[in-house]
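The letters A, B and C name the chains in turn, as written, and every chain counts its residues from 1.
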Amino acid sequence: MEYVIAFAVGGLICVIGQLLLDVGKLTPAHVMSTLVVSGVVLDFLGVYDKLIDFAGAGATVPITSFGHSLYHGAISEAQRHGLIGVATGIFEVTSAGISAAIAFGFLASLVFKPKG
Amino acid sequence: MATKTKAKPIGSMQMTQQMYQQHASKFQPKRNVLLNCVRAFWVGGTICLLGQALQNMYIHFFGFTEKTASNPTVATLIFIAVLLTGFGVYDNIGQYAGAGSAVPVTGFANSIASAAIEHRSEGLVLGVGGNMFKLAGSVIVFGVVAAFLAGIIKSVLKMIF
Amino acid sequence: MDSMKQSARISRQTWHFAEDVRVQASAVAVGPKEGEGPLASFFDKIHADAYAGQQTWEEAERKLMEDAVNHLLQKASITEQDVDVILAGDLLNQNITTNFTAEKLAIPLMGMYGACSTSMLTLATAAALVNAGYADKAIASCSSHNATAERQYRYPTEYGGQKPPSAQWTVTGAGAGLVGIGGKGPRITYATIGKVTDMGIKDPFDMGTAMAPAAVSTLQSHFQDTGRTPQDYDLIVTGDLAAVGFPIVKELMLTQGYEMEEMYNDCGLMIYNPEQEVFAGGSGCASSAVVTYSYIMDQLNRGLLKSVLVCATGALLSPISYQQGNSIPCIAHAVAFEGGA
């Protein structure tokens, strides 16, 4: 059952992105930036954690979860170390994603050539 | 804007920019929004499904917890996306699925990998290093800025209440 | 002397070539996708791979332009030394394709930029130089490459961003024409130099809509200046308006009393089959150059077409200009050809 929910919720978030592309006529970069900020806002409002409990990967795989992770990292550090934690904690949770993307992307540039 | 309503000559025709754009919009090919949404839904959903399966695998076979399993899951999806980008397949998936392949974290990985691969010809430092974040940069910047501001606001609110 | 001057400048925008200025030879080199299109049999060189055996996309584009010029020299049975000047351009920043290719060819260079209108910009100027006696033989050439254009103007080629149906596919290819007095080949009779036209279109994924007004402006000026009508031509082509801009031009010309139906086509629509996934159609300097310097020259030489007007259209934007919110200024240059043999 969790697979069906993950599929449906993930799919729906993508549909929102597609509508921003086709109806809103935004560029892909604008759509991604909008979704990431939405992830931050939804976590600020306490909603995104509930969405993750409900949909699992359907909420953690879309780029919105990146915003959630950034905010989560900032807040949990702030709880431990006060206001400065907002700055020191931002990349704590997302570190795996960003590090992987940069490292694998770099390695890919050594191995692959663009095919056009 | 004055230029939008001022008439401009096209040959011997006087036409405002607005008039021309209205005129030309008749010939705009209509995007099949419904079809694009269906494609985005099933491809995006499938990627999330794959993510769920990976997550469960990491919990059951590799001893990760619910909280920590998302790290290797995301890293695995990113690895797959980078491979598909390198093999020249991701751009075809992207044209078909639109937001379905761009919105999941795989799209983020593709934007970094495609830029890195493309600019390898300009060297590793200035080419790859300098151009890698061409497309992903705005996602990182806006995510961080939003999290920073929201974090400050939440912390200040907590201090007050 | 005076009467020649009179018949040279027949109006502000239109030139007449009184001497026997001809396209004595022409040649075209293309990439694999174009080689699978309907005009493949007219091309001199089709590369099996978009890298053309080179290490980078940019080097591949230079190879294409080099191939086009070398085939041209071979067909005309001359060497580079016999050519006084090469007028050429491409889409890349600072015209690097042209610069490096001209260095290899060791022909005096006049680099020109007209975006996708470069083919006729260079040809018209070459014709003027030859007509006035400043050059005995001149080459007009231009090139474009899908990958170099994408990575400069839009996205990395492996990026998975979805392109809208109004987007176009930059033609990978190069074309070159040899201009001289007398001999065999289609005569260049008139050229109309366009003015920059900007109707406020901002979307770099919809060039057709942006460029159509420029084509209309130049075509109208041409007809008014020469006293001709579309019916005086067997074929009128625009460079790369493709599926979106093509009907706009037809309609706008009709409102001005010019009926462009049976004789009107667009190079961006001619170069690819509908099954080849090219969105609205071909674009780039090579779109007009490749079709003109192969198919159109061939048809004129064999007498299957007697008079042709080629109106190459260009979008004069840069990545910075549209990111800064500017609209896309466009231009179109037209050259009229007659006869052949």
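Note that in this section a residue touches a chain if its C-beta (ideal position, glycine included) is under 8 Å from a C-beta of that chain, and two chains touch if they have at least 3 such contacts.
Since this is a predicted model, take the numbers as computed values, not measurements.
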Averaging each chain's C-alpha atoms to get its centre, pick out the one most distant from chain C. A
Which chain pair is joined by more contacting C-beta pairs, A-C or B-C? B-C
List the centre-to-centre spacing of chain A and chain B in whole Å, with centres computed as mean CA coordinates. 11
Chain B-chain C separation of Cα centroids, rounded to whole Å: 35
Euclidean distance of C-alpha centroids - chain A vs chain C, Å: 45
Among chain A residues, those touching two or more other chains are 21, 28, 114-116
Counting only residues that touch at least 2 other chains, which ones in chain B make the list? 31, 36, 85-86, 88, 98-99, 102, 107, 111, 113-115, 117-119, 135
Residues of chain C touching 2+ other chains? 57, 156-158, 161-162
What does chain C use to touch chain B in their complex? 55-58, 151, 155-166, 197-201, 206, 209, 212-213, 216-217, 219-221, 224, 243-244, 247-248, 251-252, 255-256, 280
Mind pulling up the chain B residues that touch chain A in the complex? 31, 33, 36-37, 40-55, 70-75, 77-79, 82-83, 85-88, 98-100, 102-105, 107-109, 111-120, 124, 128, 132, 135-136, 138-140, 142-144, 146-148, 150-156
Under the definition above, what is the set of chain A residues touching chain C in their complex? 21, 27-28, 114-116
Listed in rising order, the residues of chain C that touch chain A in the complex are 50, 57, 146-147, 156-158, 161-162
Hey, which residues of chain B end up touching chain C in the complex? 3-4, 8-13, 15, 17-18, 20-21, 23-24, 27-31, 36, 85-86, 88, 90-91, 93-95, 97-99, 101-102, 107, 110-111, 113-115, 117-119, 121, 134-135
